[in-house]
Amino acid sequence: MNKLRIGIVGAGRIGNVHAESITYHIPEAEVVMVTDVIEESAKKLAERFGIPKYSGDYMDIIHDPDIDAVLVCSPTPTHADITIAALKAGKHVFCEKPVHTSLEKIREVAQAEKETGKKLQIGFNRRFDHNHKAVQRLAADGSLGKIELIKITSRDPEPPSPEYAASSGGLYIDMMIHDFDMAMFLAGSDVTEVYAMGTSLVDPRIGEAGDVDTAIVTLTFENGALGVIDNSRRAAYGYDQRVEAFGSLGMAADENDGDSTVRLSTAAGVVSEKPQFFFLERYMASFTEEMKQFIHAIVNDTEVPVGIHAGYMSVVLAKAAKKSLDEHRPVKIAEIL
Amino acid sequence: MNKLRIGIVGAGRIGNVHAESITYHIPEAEVVMVTDVIEESAKKLAERFGIPKYSGDYMDIIHDPDIDAVLVCSPTPTHADITIAALKAGKHVFCEKPVHTSLEKIREVAQAEKETGKKLQIGFNRRFDHNHKAVQRLAADGSLGKIELIKITSRDPEPPSPEYAASSGGLYIDMMIHDFDMAMFLAGSDVTEVYAMGTSLVDPRIGEAGDVDTAIVTLTFENGALGVIDNSRRAAYGYDQRVEAFGSLGMAADENDGDSTVRLSTAAGVVSEKPQFFFLERYMASFTEEMKQFIHAIVNDTEVPVGIHAGYMSVVLAKAAKKSLDEHRPVKIAEIL
Amino acid sequence: MNKLRIGIVGAGRIGNVHAESITYHIPEAEVVMVTDVIEESAKKLAERFGIPKYSGDYMDIIHDPDIDAVLVCSPTPTHADITIAALKAGKHVFCEKPVHTSLEKIREVAQAEKETGKKLQIGFNRRFDHNHKAVQRLAADGSLGKIELIKITSRDPEPPSPEYAASSGGLYIDMMIHDFDMAMFLAGSDVTEVYAMGTSLVDPRIGEAGDVDTAIVTLTFENGALGVIDNSRRAAYGYDQRVEAFGSLGMAADENDGDSTVRLSTAAGVVSEKPQFFFLERYMASFTEEMKQFIHAIVNDTEVPVGIHAGYMSVVLAKAAKKSLDEHRPVKIAEIL
Amino acid sequence: MNKLRIGIVGAGRIGNVHAESITYHIPEAEVVMVTDVIEESAKKLAERFGIPKYSGDYMDIIHDPDIDAVLVCSPTPTHADITIAALKAGKHVFCEKPVHTSLEKIREVAQAEKETGKKLQIGFNRRFDHNHKAVQRLAADGSLGKIELIKITSRDPEPPSPEYAASSGGLYIDMMIHDFDMAMFLAGSDVTEVYAMGTSLVDPRIGEAGDVDTAIVTLTFENGALGVIDNSRRAAYGYDQRVEAFGSLGMAADENDGDSTVRLSTAAGVVSEKPQFFFLERYMASFTEEMKQFIHAIVNDTEVPVGIHAGYMSVVLAKAAKKSLDEHRPVKIAEIL
């Protein structure tokens, strides 16, 4: 069998992550080109993984007839256009989240997917995490009965710079977007209404930049369940990633992963490991898994596990949350669509 | 030293709990009379604990010059009037929660306390629970830094009858009132705004009776922190009682108590104990501890640990939550006061 | 119904514990006399619990025709003689462990029990502990299949004085005796052979006094299972009390009890409570439970839960362990009997 | 930099594991040849990882002047001779455990290492496990004070066939050898005496074949500490791998790894994941880590992390344990050396 030939657009952190997954863990595929507007970055990634071609222009990937699939790992504002170009060039696409901050643009992406019939997967890697996935499985297979409550805690170890916060589109779309997707994934249902609280307690400069760093958002799901997400841009003890699903027959909840299971008992107390530091440590296996399933969906011509609907709805929720915060009232999703 | 002489009004479940604590665990006090509108109940409680006098009329306690303190354990609607009568008769009072569903009435109680200078403690026993108290201590002693988020989960093992739900004043004042008080206790701050979600997922008859059985309420605290409470009238796995305080330096969270620490590992999985069944099992020690501290405050003429302010604010929050649910918008506490 | 009338011989720590259990938690019984060679101690205990009579001579209990049962809480060397005298005076007896250090004496006690037909219970309170009892239940009810391995860890928070160690009869009979009994309780089988290791690592003066403070003893059970006990006289993190039973279908193991379930997560790590400090904190409920079952066995004329066989076999194992240490070889129980 | 060129002798399960580690995770090295007496197996491994050469004769590796290091993954009886041949051919060697069942042979290996000055590492992969390594680090860095007790539990999920058991050299050298090495690793000290118990409770045919399937072995360490290892060939709940180090300042202990941290709470109880199934699941990362450190020691000309002394002493302990079982007495290591 010929290997699936992959081109990666964007040689940053996440581009490297995907290149590593494919090179080392997915024998059915190979990365044949990488591009980055900073050509030197593309070159470095190519050398690191023995990728034959690199370039400063992503159109070299689009125009390369030998490339079967494109991973869009470039900055957010470029996701949609590159994805559309790649789809129209007959390539399957894996697009990082968020697809775009404009819903109109995301609808164009959806349209391109529909017209071309190519595979399009969105990069919500947390769905593939061993812990969260196990909770979702118990929610989906009936072990919990009818789902009634969803709770998600997601806290970063360290706040971003105020500059980053200002340019990121804000906490709801930059950080909580993962949790919006996770909430719908766990509930097995879309959201109909959002109420958002947000404040700046971590770094006043984030507040001055017009963003929040501490937030609670409540959700009403189509299936009648209620949900709540809490975010903080800084947890002194590390990257706090926990989900809980509660239903008529019981509850499934996960705990953070530490670097070991060791407990040290001394006169000072019983000490366990802190959560693993940040997303590259905590979620590495999930990045590999989402890529495996993307490749698998292409090779076997089956449905991708995370489609454009998830990419669209997560941005809708982020927008609804922002509107809720601004207008200090619950906001129906129908107001945003 | 002479023992403090106690009269108990109301010989129901909670009257028995307090009689047991005093008889067996508080040598500085003794129960000398118990009354109940069902005199037979008073008699039974008196016999069970060797209490010399019982009666069908609580005024027998009020008029007894030998009684130093009164425990008001009668039905909620009677709390305020009995408390006021006892205070005016020169007695210290321990009053079960909620003090009353009318804020006006609670203010009258506060006025009577002020005028008489007698001790008045409100029965928020969960503040004395070994787990929640330990979280609060870490929040109060600076271990967590500045408090930013408070999370409380409180789920009953079994739903009440629809009739009870209908007559209880509703979930927010009947069940979540404990959590409102706990939230302010943990945050070390009053609440300024409430947003309430509620629905009937457990038993449709509860919804038909005009109440909710599944609820999420978010809180904004005076000190800037945010909070969230989730309640369900039914958890298949038992009485779920967890709190979490998160601050600039870290997080303190507790887990449920089980009947043992045993884990059974078999081919079917690793099984631990469920949470202890309900409040009499789970919170018994806290009932004894609150009573000890009440007696202690009288004997040493120190401040009671839970005063009328807590009794008032918890009802205010319950009312704000109900208003928020009815009007589908965040409600400022100032609207209620 | 008349209450069962109890006399307590010995007003030390454990005499107080039992007096408290009966006074506060066992309505079917009452303590009517306490004696201690230090009469002042007896008086103090009597006052503390409102016991009508006290004395400096335990024969006052033996000769009191109104006393139904005697708790032997005096120093170890006197256990057997007082127990025999009480049995012969027609009284039921609860005797603290160890019954005696002479097997001949214990056989005399057994003989007296047989002749008089009175109830005789030995004070192995740990069998009534909520954790260990739950492990035993799973071993006994078949959940673990055929039992193959028993493991017990038992470590004190602080070493005794070298003087105490010297006079205590040594670690095996003073400390590990509880674990010998627990091992047979969990395995549901007596022991046929013992191999003992012991050394002095905690306090060299304990070694100089001829005792050990750190020990591992392995056991062969009649039913074919193997077992191991480890003891230390000092655990920096507190009183470490864990048992494990392993069988053909699985394993049951318990963990230490802490004062709360709270975990504090900070930059320094995730900290849980240490084990509860020592046996009075850790095992208080088990002392009450063993006394309840003793009273219950008398009142209902049923078998006591811990009979003289357990008292005898635990001392046999302690002696076998000492012999094994001295002779540096495995010792068959048959050599001791 | 040129990559270190590796030859693998033995294309079985462990040969595949090491080939995978080097191919995917160790850029400084590459596998250039694999051999197996079943040439087809060598071919398959070569194809799987894109290894250029394969053969049915390990001498093709020994004679290949381009090969820098050899991994000896062949059956145990051949380990020593191949290792010696490779060392004498000027190659660094990684040799799987046990090195040999004859101590004389292991001494010859040690002699060859000494004479050639080449690196020789023994495959005790568990030393590199994230959990056990963390316990060892706390033991070695003084966090636990002076080490006094070492406890190791090691139980396989399923028993081997009686045929395998018969040909394996017995439980002590086939299975417990890992634990002997771990015990010395954790204690930071060699062992001076062993007492072994063993029986056949899992499968009577294992007993009939002259082996044991359930065993407890106690250890005395040179530094005065005591230790105990328990093994079973079958744990219904999976691969049970736990270690504990106890010292004057405290204890470090690890727990099993599960596939997720999820707990499912239902009316049936609170269920967590079982331990990961077997060594390929549980210890995969440790195999990669030991290989990384082997390569690193060659590239940087530093000491290997696990030398021939560990390979020798572990076999000595296994022999001492067998002798102890046979002669039913504690056996000094000096009797074996």
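Per-chain residue numbering starts at 1, and chain names A, B, C and D are given in the order in which the chains are listed.
FYI, a contact is a pair of C-beta atoms (placed from the backbone, for glycine too) under 8 Å apart; a residue touches a chain by one contact, two chains touch by 3 or more.
This is a predicted model, so every value here is computed, not measured.
Using CA-based centroids throughout, the chain positioned farthest away from chain C is A.
Comparing chain pairs A-C and B-C, the larger number of C-beta contacts belongs to B-C.
Between chain C and chain D the CA-based rotation angle works out to 180°, given as a multiple of 5.
One finds 42 Å separating the Cα centroids of chain A and chain B. Centroid to centroid, with C-alpha atoms defining each point, chain A and chain C lie 58 Å apart. One finds 39 Å separating the Cα centroids of chain B and chain C. Among all residues of chain A, those that touch two or more other chains are 235-237, 240, 249-251, 263, 265-267, 273. On chain A, the positions that touch chain D within their shared complex are 23-25, 130-131, 133-135, 138, 143, 249-257, 259-267, 273. Interface residues of chain B facing chain D in the complex, by the touch rule stated above, are 235-238, 240, 258, 263, 265-274.
Residues of chain C touching chain D in their complex: 145-146, 148-149, 151, 153, 155, 195, 197, 199, 201-202, 214-216, 218, 220, 224-228, 230, 232, 234-237, 240, 246, 248-251, 328-330.
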